[in-house]
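What follows is subunit A paired twice: with subunit B in the first complex and subunit C in the second.
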Partner chain A sequence: MTPHPLGRLLNILDYALSSLRRRLLKNLLVFAVFTLVVFLFSSLLLTRGALGDLAGRLLAAAPDITVQQMVAGRQVPIAASACEGLRGIPGVGLCRGRLWGYYFDSENGANYTVIGLPEGPAGQAPASLSHAVEGRLPQPGERGKAVLATAVRQQLGLEGRRFFSLFRPDLELLSFEAVGTFTGSADALVADTILLAEADVRHLFALPEDQNTDLLVDVVNPLEVETIAAKIADRLPGVRVISKERIAKTYRAVFGWRSGITATALLLALSAFVILAWDRASGLSGEEVREVGILKILGWQSGDIILLRFCESLLVSLFAFLSGWLLAWVHVAHFQAALLRPVFLGWSVLRPQFPLLPPLAAADLFLVLAISVVPYLAATAVPAWRAATVPAHSVL
Partner chain B sequence: MTLRPSYLALLLFATLVLVAAAFHADVAARRHEALAAGAGLRPLTLSLGLADLAVSTEARYTRHPALSDKAVVGMDLPGAIDPFPSTLFFAPPPAP
Partner chain C sequence: MRIVLDQVSKVYNSAQPNEVVALERVSLAIDKGEMVCLEGPSGSGKTTLLSILGCVIAPTGGSASIGDKKIARLPDHFRTSYRRQLVGFVFQHFNLLEERSLLENVTLPLYPLGVSPRVRRERALPLLQRLGIDHRRDFPVRQLSGGERQRAAIARALINDPPLLIADEPTAHLDRPLAGEIMDIFAALKAEGRTVIIASHDPLVVTHPAVTRRLALHGGRLLADPPGQR
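So, the complex of A and B:
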């Protein structure tokens, strides 16, 4: 009687499992290395995916065009009158100067980003900002008040206090009162930010009245952003123009898998699988030859033996892939990529706390499958064929 | 009654797939909440003109990759090397 095809497959699967159990230590080692490589590579992909997704979501409202003045390849303040030069360009909406800069805190080695709070159309502080701030914003014309990120508050040691001081370039000490704190959900954007009134930023950085850090330009028709960016670059000498599309392109590249450590990890992962596959493909042990010979004497066909070897490889690689992939998700989404954080935070003194929630991307899943399970299965084809063609009398 | 090994393996595989699916569903739900919170930050990005994520604050070009350029790494002095670990993780912005 011909056995049912599924029953035959289950029988071969049973035999493959007992065969794996006979070489338990070796197969456990292969499984552990396979899982580790899939875990590390998937963690990198997922962390990048989560950061890229975060950038896409939070920076969707980034300025249409940012204009920076360049001198000798470095950014310098731009003349406040530069907006006047853009008035004649059709399609240009609101143009405003922005004041911001970096403040290095020599006490603790932290870098803060200090931003000037723009006034609303009627000379008001933008009311819409109050959703991102606990406490209050500096009122128009109010000096010496600040909104801080939680991490900055900690670095300045302001547990129960409200007042802190910053140095001007001439070492004059300026005192500020913290009247608000950015909410935790804003950490991914402003974890290192001190928000001051524009006049305070100008005074702190000793910027002349007729200069701003850069210009923000709104474009009426979003389809014309690139054209208007090119016109601005033509009209203002020595400027760098950064369009919204360019910001998106930068973030796609910055968190893309083809760059930096991810490309290195991809090469390392591939090398690990080549070594694993080499182990499978290199020579048949005497024990394996004897086993195949006995199976053939018992009536197994070459096709059955190829299927047996395929089942063994499939079991090891699929279980290792699934374990590694699942561990990577737990690592990134639950433990906030604790193993990779030291790499992408580097020597940052301020450690932003925001959840990493990668989107489930089919491309990531197939990329990991393609560099792990597929080459491993492909590499078993040759040894499976060699094993299947062992003549039965070779063991006699 | 003892299960045959192949059934045990299939059961274990199905359990792993189910655990993975449940975990993915949990992350998707948390992501949905984060999307709503992110939408509330739109006015902050708009009014302050923010163009970058505050992930790594160790160097200007990792704090603001979109507002820096490719040459900025070596800009501090001629022939300067890039000592910052996070630049391993962040690729340089694409050429214009």
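So, the complex of A and C:
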């Protein structure tokens, strides 16, 4: 009777499945550990991907170039008039000053970033900002109004209240009314932010009229950003010129492969899979030798035994991989990476609230597959071959 | 289907200090439908001879054939194919997989052939009924009695409908009434036209009326006239 290839494969799969059921406890343990490692590593990759995507979306709205004045390695205010010189550089579209600074809230132990409301050419705030705010923005020329991040609102204890106060350097107390709150994904970037009218920021930090915290430059042709950044650095000695691409590179370094946390997790996950694979590769028990001997004397070929071993390993590793990946997806997308969020957010007093939307990256999926299922299957090759070479007459 | 061995020898660990000559120039012919009893003390070469006849191992010398198939120089892959087609084995220690059900054990030879679960069941159930163990088909083998296990082993040996049945001490672990029943089953299989070769010390086997011929091995050589030959 000629073997039927598909029937043979299905029968051997069926036999492998029942073999796994018979060694249920051991296989469940291997499955659980395998799933856990895949889950943790996949969660990290998905969280990293979601944060990277978020950073990319937020950076899209950032200015092409930021110019900061440096003295003795520290940032100091920059003259607003510096923009005049920069506008003369061909390719520079827009240059404007920005006001911002840090405010330490000694009562709550929190540090807030106070930013002056940027205004468009017509004296209006950018439309993208309006969409990120629940409530409203301060109107042009309106003083004493603020938009707060959710975490800042909580720190200031503004539930049920609208007014709060901040101290000037001379200890004069300034009162502000919260008229809006940042929402959704913007909260990731502005978790510690208080947005005020520029005049209020200047007054709060006692900054002179002709000084800004930094300058923002938009470039007409995005391909020329680096060239223009170099020209700005030449024209204004002692400034730090930061292009959007450099910030993007920093994000990629934080969330990318070479970032410490990803590399460490990759190493740990790989070690775990090697240990699991080693268990698979080490030795054949007397019971296994007997079973293979019986199967071979009953007419199972060496190829059937090798296929059987591969099916067993494939079933365990593939299902563990799929379970781990799915659990990781649910963990990141539904539970917002509850286990990993503290690792990424650190010990800050202000915790940003933002939705994580894990991207479906084929490269990540294949990476996890490559470091989990592949070594496990590879480790099966040696014991599978050893099992297949058990002589049939060993049971006689 | 005639079985012919001509000057068959088997040497283990050839040219090494632990060399063992298990069989030495054994020649015999067994006709279709014979029931042959193979006798001899431990180490006389019975199991080696059964292994060669059952296409499990290849001889190191001589020629062997089952019907028109030459089996002496075949690679392992082809020997396995022939074994699957031609030979059913019944072992002294049953060699069943304890944790698997009786039905699974009996149908094990059909798995690599790609036979569907439905057909496997259809082929096994009549055999189990014939051997009186169909009511135990879903029991794990560890829950079966010695007699039921040996019947299961016989059912498994017959699942591919082989023309040759080889049994190694099939009654060694059975009480007398059970051993008698098993021998009656072998006799019925012989009556169907199958060739049955049994290695045994058991007087119940040796003197069974269905046995047509007795062969005696000693030190790897076939003796002309075994003691007590009828």
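Here, the second predicted complex is superposed on the first by the 375 of 396 C-alpha atoms of A that agree within 3 Å, B and C clash if a C-alpha of one lies under 4 Å from a C-alpha of the other, contacts with A are read in each partner's own complex, and residues count from 1 in each chain.
Everything that follows uses one rule, which is that a contact is a pair of C-beta atoms (placed from the backbone, for glycine too) under 8 Å apart; a residue touches a chain by one contact, two chains touch by 3 or more.
Owing to the predicted nature of the structure, the values given are computational and were not obtained by experimental measurement.
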Practice task
Considering only touches as defined above, state whether A:315 meets subunit B (first), subunit C (second), both or neither.
Solution key: first
Practice task
Could you look at A:59 and tell me whether it touches subunit B, subunit C, both or neither (first, second, both, neither)?
Solution key: first
Practice task
Mind working out whether A:8 is in touch with subunit B, subunit C, both or neither, as first, second, both or neither?
Solution key: second
Exercise for the section: Once the structures are superposed on A, label A:171 by its partner contacts, choosing first (subunit B), second (subunit C), both or neither. Expected result: neither
Exercise for the section: State whether A:294 touches subunit B only (first), subunit C only (second), both chains, or neither. Expected result: second
Practice task
Could you tell me if A:98 is touching subunit B, subunit C, both of them or neither one (first, second, both, neither)?
Solution key: first
Practice task
Would you mind checking which one, subunit B or subunit C, touches more residues on subunit A?
Solution key: B
Problem - Partner chain in contact with A:18 - subunit B first, subunit C second, else both or neither - result: both
Problem - Touched partner set for A:249, first subunit B, second subunit C, both or neither - result: first
Problem - Touching partner for A:71 - first (subunit B), second (subunit C), both, neither - result: neither
Problem - Footprint overlap on subunit A, where subunit B in one structure and subunit C in the other make contact - result: 10, 14, 18
Fill in the blank from the handout: Listed in rising order, subunit C residues that touch subunit A in their complex are 47, 50-51, 54, 56-57, 76-77, 80-81, 83-85, 89, 91, 95-97, 99-100, 104, 108-117, 156, 160, 168
Completion exercise
Per the touch rule above, subunit B residues touching subunit A in the complex are 4-7, 9, 12-13, 16-17, 19-20, 23-24, 27-28, 30-31, 34-35, 37-38, 40-60, 62-63, 65-67, 69, 71, 75, 84-94, 96
Exercise for the section: Flag every residue of subunit A that touches subunit B in the complex, lowest number first. Expected result: 10, 13-14, 17-18, 51, 54-55, 57-63, 66, 68, 73-74, 98, 102, 110-111, 113, 115, 117-118, 126, 128-129, 131-132, 149, 185-193, 195, 214, 216, 240, 242, 246-247, 249-251, 253-256, 258-261, 315, 318-319, 322-323, 325-326, 329-330, 333, 340, 342-350, 352, 355, 357-360
Exercise for the section: Please name which positions on subunit A make contact with subunit C in the complex. Expected result: 1, 3-12, 14-15, 18, 22, 290-291, 293-302, 304, 391-393, 395-396
